[in-house]
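The structure that follows is given in the form of structure tokens.
In this document, chain identifiers A, B, C and D correspond to the written order of the chains, with residue numbering beginning at 1 in each.
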């Protein structure tokens, strides 16, 4: 809890610092603050504390995810130092907004009450609307911001409707009560409950970009500044999944909704992978691959198995690490290619800077789920759960789609490793090099010793 | 006092409230989807939120439970914040393309 | 521990080369490490008592069903020996190639060797799968970076197609692990599974697909010719000599023990497909104009026979199939080496660019001939022993299948002799100045030929190695006719 | 191992050593030295065989010499072992004896060939393989030799590798043999399945357990016979032998006349126990043999290449042997094998000597009148011709008459056909003789007699052709069929073959044959000796004769039936099967995915309103799913 407060204050501090202190202190300040918050969380470990009359509960699930989120943000801040070096104004705001959004994210991981869920989502989203439009004089950035905003609030509308109906059926916003209701519905109000749950889930599916609520993500990913895209595809996605799962974790959903989830999984898997095949803009590719990964995670949802939380955690974290690393590499390559985002900018990377190429390969392989990278363990466990909880066909389809997925990652690898007399000249600042290497090594280590990230 | 309010509210059967707010919500949806003027879209979003507020209030009255009304306040708050941001983005958009037509925004696709 | 050493030798050598990137000494280092592996393997075979060895048995992440179980029995040992024996020659073949980044090439080759050894020592299905995929990666880069023209498309196609099989295998393994309960993927545990027939019928293909593509048997060979002809000689050697054997080994380890009834159910289908492939490949090989393509199709033909032999599932056929696998490895390395040597001389692998070379390179021609007699399975070569055993075994199953199998000896003679004639015989068309077989050629080819004939005249060492395990396997998994 | 066994098993080792030595040192050895070495080793082998022969006691019926375990797995024990018995010894004597002579001859014949040493290495290798073939105690060892001689024949036919036709001939020979080998292999696997072993002794023992014409045995014997037709150039697999004349003449003499081509006969005699049980197969063999004898003889009539004539006569003689086998006259067949080895080797070597004398000329139309210039060759060749024609008291006379007698006993038709064949043989052989040696010389070269190393073997073989008959002298001439009784100890088939014709009948048969033969010779003399009647090109000939001259057009027929279709299939399978179906199928899957991707991505129109609409539609759709599935 204190962590939450600290981060919020940190955000405000950041705004002030932006006014008076020089720009170079901002990122360090943020990082220190975040680490402090992390420490606070740690202190609250295993205490399983509740706040606000059982509206927030920092149980194991919440804590681990919160820590992961904070660490990811730290990683992004480190990246930000170099990323914002060229930017002259509003740097502080950018950091601050990210921090605020992080607050929302943390709330999402540990809510126990629909109000907090709602607030979390909004606190998470509203800063993002602004961040997406971070490049004020860029048309694309503006378009991204607008699309994100409109669709986001639209989805919140449905989400709210859902909450309202839920409340209507079980006269409470408390998660525990609702879950209890699910197992013993009051006769006559099931339909209300069903619809309520339906709309709530729809709202959350929007956040995790599950088909057909995914339309925002490719456009927004492509339009937003790379750092923000990275933030969305890692912190936001992770938090959203945590929230989603927290909602349905202990609830035995009505058959109908299970059905809906299955269909959604199929659609997401299919569309994400198939469309990604034809993407040549790297960020857009990452967006679709993100959708694809949503599909795999949904598969883990289907069977709400005791193992699912740890799978969820492992998957999202490893996915996020790989994504951050890739976005850093992209930024560098993009600079070298004067703003081009087509995957061909990686061509000959191996010739010009072998280490980067190798790390890129590792990260992509991890996303593809090739053995000895973290991604493989993640996927393997998802499939395992899928099969174990009896969704044979869905899992089989997921495996097939995983194959399709490998293709578009391999294409990028191929670019990086195609011989070329003169590869792109990347200027790598030490910090970036650190981030990239960290991601690469982390992905490798987690692949070799998955136990490290055992929930 | 409030007891009277509640009874007054309860004079109308719950279904009517539900149906009404769902209607409002649908109007909101329709507006958001089919109108091209961004301002109107924002307003329709508000409409959607408010329909939900109505619903919540009705429910709270019928459950005779104030928590929902608190929730309503939060919703209003958030809606306000969202609209603010929305308008800001709108201004930015107006500056970039000299229009508030949604269909102008179609460079990011496929 | 032993196994760990076995894997570590090539792995560390490779890593050293990636880090230190020696340019001139790279090949020497690689050669040295492969020779070490060979010696070590020799010692293993020598020390092998005849009963399975489990060298490593520890948990990796118990909760997630990841376990490290490694070991070997006679069959595994044969495969290990094959890998260890072939790689020095593959590295040696590189001494002629003028590739850029020699250190990387050799590093990739050594990584491949390490992972292949992993495949052949893994005693846990998941571990097997992991190595199975890993072995693919270095080859992928080898092809991608050092391949011939049109490599970009072909490499990815090859990679994806192989992975299609790989993932279906993964699915199958996971399914079995779940059925087993306790997520234990050890071969022993999976072999204990007793799945209902209807499950086995579909699960068979899920498991078999991977190996069918890897081998490849008839309808699944679409990736092969292009890949073989495009890959650098060493890459093709790895693919044809060892990678392909993974398929065979995998069938033996993962298909028959887990889905015996499924295998029995599909037995005839698979054998017929394989034989179709054997004949199909043999016929096509006749009119190939490019040596590498010819080798690709001849390999398709041989492999068809191997697979048929394996599925005949009796002592003779399976022993023969394994023995022939060994022979094929030696033979194909020899042929590919010759291809490389010829390309150095005439600058192409097209047979149109050759002809009458015997006049200029009599010794090379003689070596070619000696490698070839193994390819056409003349008696007193390894090939003959393997094929004879397979024929005998397949006959036990069905006379017509045996007939189909035996016709391949005619086809083999037809395309091989024709190829030999087009390359070596006839009048010296092109009047190219070239030197006869060099010392290096002799150093690579003579040992290969020696192995061929020694094991053809005195097969006892290998036969004794595999006879026991094969018999156990056969008796443990009786095939319903 | 007993010393005798040791010596016995050393026999094949010698030529092998020779082959390896010469092959590895071939660029340091001159042809002559290599030749001497090779010859010495062959003679050594011959001596060893002779010793083994002398110490061999037929009454024991022979035994097996196990050298080492070859293929030994559970349920299959195939040792590397030799069969030390009469049959093996006879063949070994033949191979090493005639082999040594031909080696000797080759020294002179090849002395100015650059690759002579290679030649001798391969010749030695052949002898090794041939010895394995005849010595093996089980089918698989025989098969080693069987394929080994095939390889050597391939190498030696294509010895002059820069002539494409020769390479083609070599390949043809090998492939046709391989086709036969398919039968051989199938027979082996079948026999193995039935008897659990491939040892001749065991198989023949247990075979008695089967009833006559048992399907298994029918299949086995027929497939063995298919193998035999391949090696011994019988219908339908005989076309390779004439082409095989592309090789150096000694090769034709050794491989394609004396030894390898008789492997088929050897195999059948070896397994006579089996064939005895299957009258059906015997009839097949009889028919095929007789037909081949006649067909080949008819083709031989109007050939103009001296070696081609001899080649077809070889095919036809082999036909005789198979006919004999078909009639169960195994000893007669073996007898003819040996005699034929003598005189046919002689004829080939003689022809070689002629060719050598004329500096490579092979067309008999460009020869003639050579009897003056190359006397020794002429005399020996004459003897050979008379022998093959079966003039009384020469080797061919006894063997052929024995076969004819059996034929008569079997059926007059066969007898008539075979006699007619014999007359054709006589005709074309004397045509050859007269055209080559009589009349006046029609060529341009300057004939010169060959060196001693070539003439000595001629003389020896001539001598053998004259007196060879004694080894199996029939009772009529006061002999007691020594060979038959000797072989009978090794082959059950021989022991129960019987010829029960009255003495008078035999005399009549003999007399009539002799009469016919002599008159044929006279006729030939009239046509070719006085005024050499030469054939022009086939196009100018009357239809039937042209058909004969063009060998019944069998080669073009086979080309049309098998070779071209195969090539066509190979091309089609590649251009259509692979390029149009297989590879497109493979790529198609991926391509389809990509194409779907290109379509589906259009959903993302980028228009915000549309996206919202899509979301709403999605929600409604899901609502339906949900509500329907409650």
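Quick note on the criterion: a contact is a pair of C-beta atoms (placed from the backbone, for glycine too) under 8 Å apart; a residue touches a chain by one contact, two chains touch by 3 or more.
Please read these numbers as outputs of a predicted model, since none were measured by experiment.
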I want to compare two interfaces, C-D and A-D. Which one has more contacting C-beta pairs? C-D
If I average the Cα coordinates per chain and compare with the overall Cα mean, which chain comes out closest? C
Quick check: how many Å separate the C-alpha centres of chain C and chain D? 37
So the centre of each chain is just the mean of its C-alpha atoms; given that, what is the distance between chain A and chain D in Å? 79
Computed distance of Cα centres, chain D from chain B, in Å: 99
Cα-centroid distance, chain A relative to chain B, in whole angstrom: 27
Among all residues of chain B, which ones touch two or more of the remaining chains? 29, 32, 102, 105-109
Check each residue of chain C and list the ones that touch at least two other chains. 160
Residues of chain D that touch two or more other chains sit at 590, 601, 604, 606, 608, 612
Is the way these chains touch best called a line, a ring, a star, complete, or other? other
Which chain pairs here would you call touching? A-B, A-C, A-D, B-D, C-D
As the complex stands, chain C meets chain D at residues 157, 160-161, 219, 221-223, 225-226, 280, 283-288, 315-316, 319, 356, 358-359, 366, 373, 378-380, 384-385, 388-389, 391-392, 395-396, 399, 402-403, 406-407, 409-410, 413-414, 417-418, 421, 424-428, 457-460, 463, 467, 471
Within their complex, state which residues of chain A touch chain D. 146-147, 150-151, 154-155, 158, 191, 194, 198, 202, 206, 211-213, 215-216, 218-219, 254-257, 259-260, 263-264, 271, 274-279, 404, 407
List the residues on chain D that touch chain B in their complex, please. 601-602, 604-609, 612-613, 616
For the complex, give me every residue of chain D touching chain C. 23, 68-76, 140, 143-144, 147-148, 151, 154, 158, 161-164, 167, 170-171, 174-175, 178-179, 181-182, 185-186, 188-190, 192-193, 566-567, 569-571, 573-574, 577-578, 582-583, 585-587, 590
Note: in the complex, chain B contacts chain A through residues 18, 21, 25, 28-29, 32, 38, 41, 45, 48-49, 51-52, 55-56, 59-60, 63, 65, 67-68, 70-71, 74-75, 78, 81-82, 85-86, 88-90, 92-93, 96-97, 102, 105-109
